[in-house]
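Have a look at the structure below before the remarks.
Naming follows writing order (A, B, C and D), and every chain is counted from residue 1.
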Amino acid sequence: MAVRIFITGGTFDKEYNEITGQLYFKDTHMHDLLEMGRSHVPVEIRTLMMIDSLEMTAEDRELIVHQCIQCDEDKIVITHGTDTMSDTAKILAQKITDKTIVLTGAMIPIKFGSSDGLFNLGSALAFAQTLPHGVYVAMNGRYFHSDNVRKNKQTGMFEEVK
Amino acid sequence: MAVRIFITGGTFDKEYNEITGQLYFKDTHMHDLLEMGRSHVPVEIRTLMMIDSLEMTAEDRELIVHQCIQCDEDKIVITHGTDTMSDTAKILAQKITDKTIVLTGAMIPIKFGSSDGLFNLGSALAFAQTLPHGVYVAMNGRYFHSDNVRKNKQTGMFEEVK
Amino acid sequence: MAVRIFITGGTFDKEYNEITGQLYFKDTHMHDLLEMGRSHVPVEIRTLMMIDSLEMTAEDRELIVHQCIQCDEDKIVITHGTDTMSDTAKILAQKITDKTIVLTGAMIPIKFGSSDGLFNLGSALAFAQTLPHGVYVAMNGRYFHSDNVRKNKQTGMFEEVK
Amino acid sequence: MAVRIFITGGTFDKEYNEITGQLYFKDTHMHDLLEMGRSHVPVEIRTLMMIDSLEMTAEDRELIVHQCIQCDEDKIVITHGTDTMSDTAKILAQKITDKTIVLTGAMIPIKFGSSDGLFNLGSALAFAQTLPHGVYVAMNGRYFHSDNVRKNKQTGMFEEVK
């Protein structure tokens, strides 16, 4: 069965507006990345929102939870801003126990050339196919359980809490 | 414990010689990729050879088997040319059953900018951390058991044999 | 004789801070660009400032004028933010008539991969070597006299005023 | 009036065939480069051939001369393999004296990411707009008269003969 991919935005999908000099969202780069990776994993892609994760509301998270419950697939990858990725993971874990859900993102926008996004996507898809049911964060080549992960604000790296 | 990474060459590490117009090997790009991926997976990297996998001899494969047996780690990623990756996987599987060994590579040299190498490395590291003991090929976002994989020469994609 | 290159900042040299998500200045990418372009033009490079051109003061512009007058070379390329590039060009033209001065920049930071910076630098160096004394803006593959150029705020393109 | 651009192939436009591992020609990347450079130079582009310049015949060169004579524009840029670029320049100079013709190319294919092609194109377009009638090679940020240029086979750099 296919892997479900939900897009929520984050640095992963940010673009540079050359007129204003601001970062902004347009379309997801997911399809380009899967093509570049020559991926043959069957996937169903749906964009749920395109926002900075610092602006993600409780309502937005409810929508994500709802979509994860509703979809047919039991292997799910969610692209997400890194700042509150751990928070969304915890909420998902409270509500869903019969699926493998992997959140991932990027520290550098994919459009900026030397992004970690392609590496993270490769690992997230692999973790979604192999880990037992549960909610995980996949960053820095590793996976973290939703109840034991945080982003280190100084280094930008994800780490265990305990 | 760390993941052991063995480098054997392949398209993954090929460079373009701008004087002769030929592809050739210099150093591995593994360190650059791990840095770009912001990887925090503890790794031990060793270059065993730097060759096109069509030129890999039985002796070369014996060396790879030997190194996989000898190393302390039981999670191993091997970068390898795609043309004979399945062959090397089968030989490894005959000799080693108590480790998780994942072979990966690239269809486009990493130096050429739009390579699948970073995606493949992300997935290979993830599969090495999660799959049970056995020998696998990780390409196109998927993993294949060593006894059921081949490269489709027309499409360049990996597929099950049966 | 060498071409003098003065660096003043602008989008050309902006970087993405992956911790804060802000654009900022570190070092100039001039040397990387000249290497990528396999440039053999003899050059003398000096960084005068590293600022957004919207923040450039009258004092900053005096410094640029002074440096252009003081230097031995009579062929000068200045990298500059695009927003006020035309303003600085006009001021230079009022003070200096015995040198060929070419201002250039970029709409996309060089670090972002698909920048116009390498193209602009190639054209700016060429214009500096071939145009008669005067002050010019080199953008969009064209050159503009300092007294007849403005940036179109809607399109981001440079154009003649009259 | 527009600048005429003639495409003849060369490393500039080579691609990597990921199935065979060979370099080959498909379409020109000229349009992508002009877009990346945000070029607003009016141009007329025509592909005359797509070949390695080591395989260019006397007949091919006659065709190039013919096209340069026939076209309306008197500013012409020709993309060309670097190995015999100087030879074609000399032949053009024997036949055409009332136009500015600039030959340029690349040491690294544009598709390989860190190519000198974008830099060279920027300089070639600039030289075509500013140099007096004559035939020139534009490489390494410099321009060379057709009767005083050769490619240094050891370094890959262009240099004066005398």
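By our rule, a contact is a pair of C-beta atoms (placed from the backbone, for glycine too) under 8 Å apart; a residue touches a chain by one contact, two chains touch by 3 or more.
Labels paired with UniProt names: A, B, C, D = Asparaginase.
Only a predicted model underlies this, so the values are computations on that prediction, with no experimental measurement involved.
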{"item": "Contact-richer chain pair [B-D vs C-D]", "value": "C-D"}
{"item": "Farthest chain (mean CA position) relative to chain A (Asparaginase)", "value": "D"}
{"item": "Pair in B-D, A-B or C-D that repeats A-C, with over half of contact pairs matching by residue number", "value": "B-D"}
{"item": "Separation of chain B (Asparaginase) from chain D (Asparaginase), taking each centre as the mean of its C-alpha atoms, in whole Å", "value": "39"}
{"item": "Between chain C (Asparaginase) and chain D (Asparaginase), centroid-to-centroid distance (C-alpha), Å", "value": "26"}
{"item": "In chain A (Asparaginase), residues with contacts to at least two other chains", "value": "107, 114, 156"}
{"item": "Residue ranges of chain D (Asparaginase) touching chain C (Asparaginase) (in the complex, touch as defined)", "value": "33-34, 36-41, 107, 114-116, 118-127, 129-131, 138-143, 156-158"}
{"item": "Contact set on chain D (Asparaginase) toward chain B (Asparaginase) in their complex", "value": "11, 16, 18-19, 21, 23, 107-109, 111-114, 153-156"}
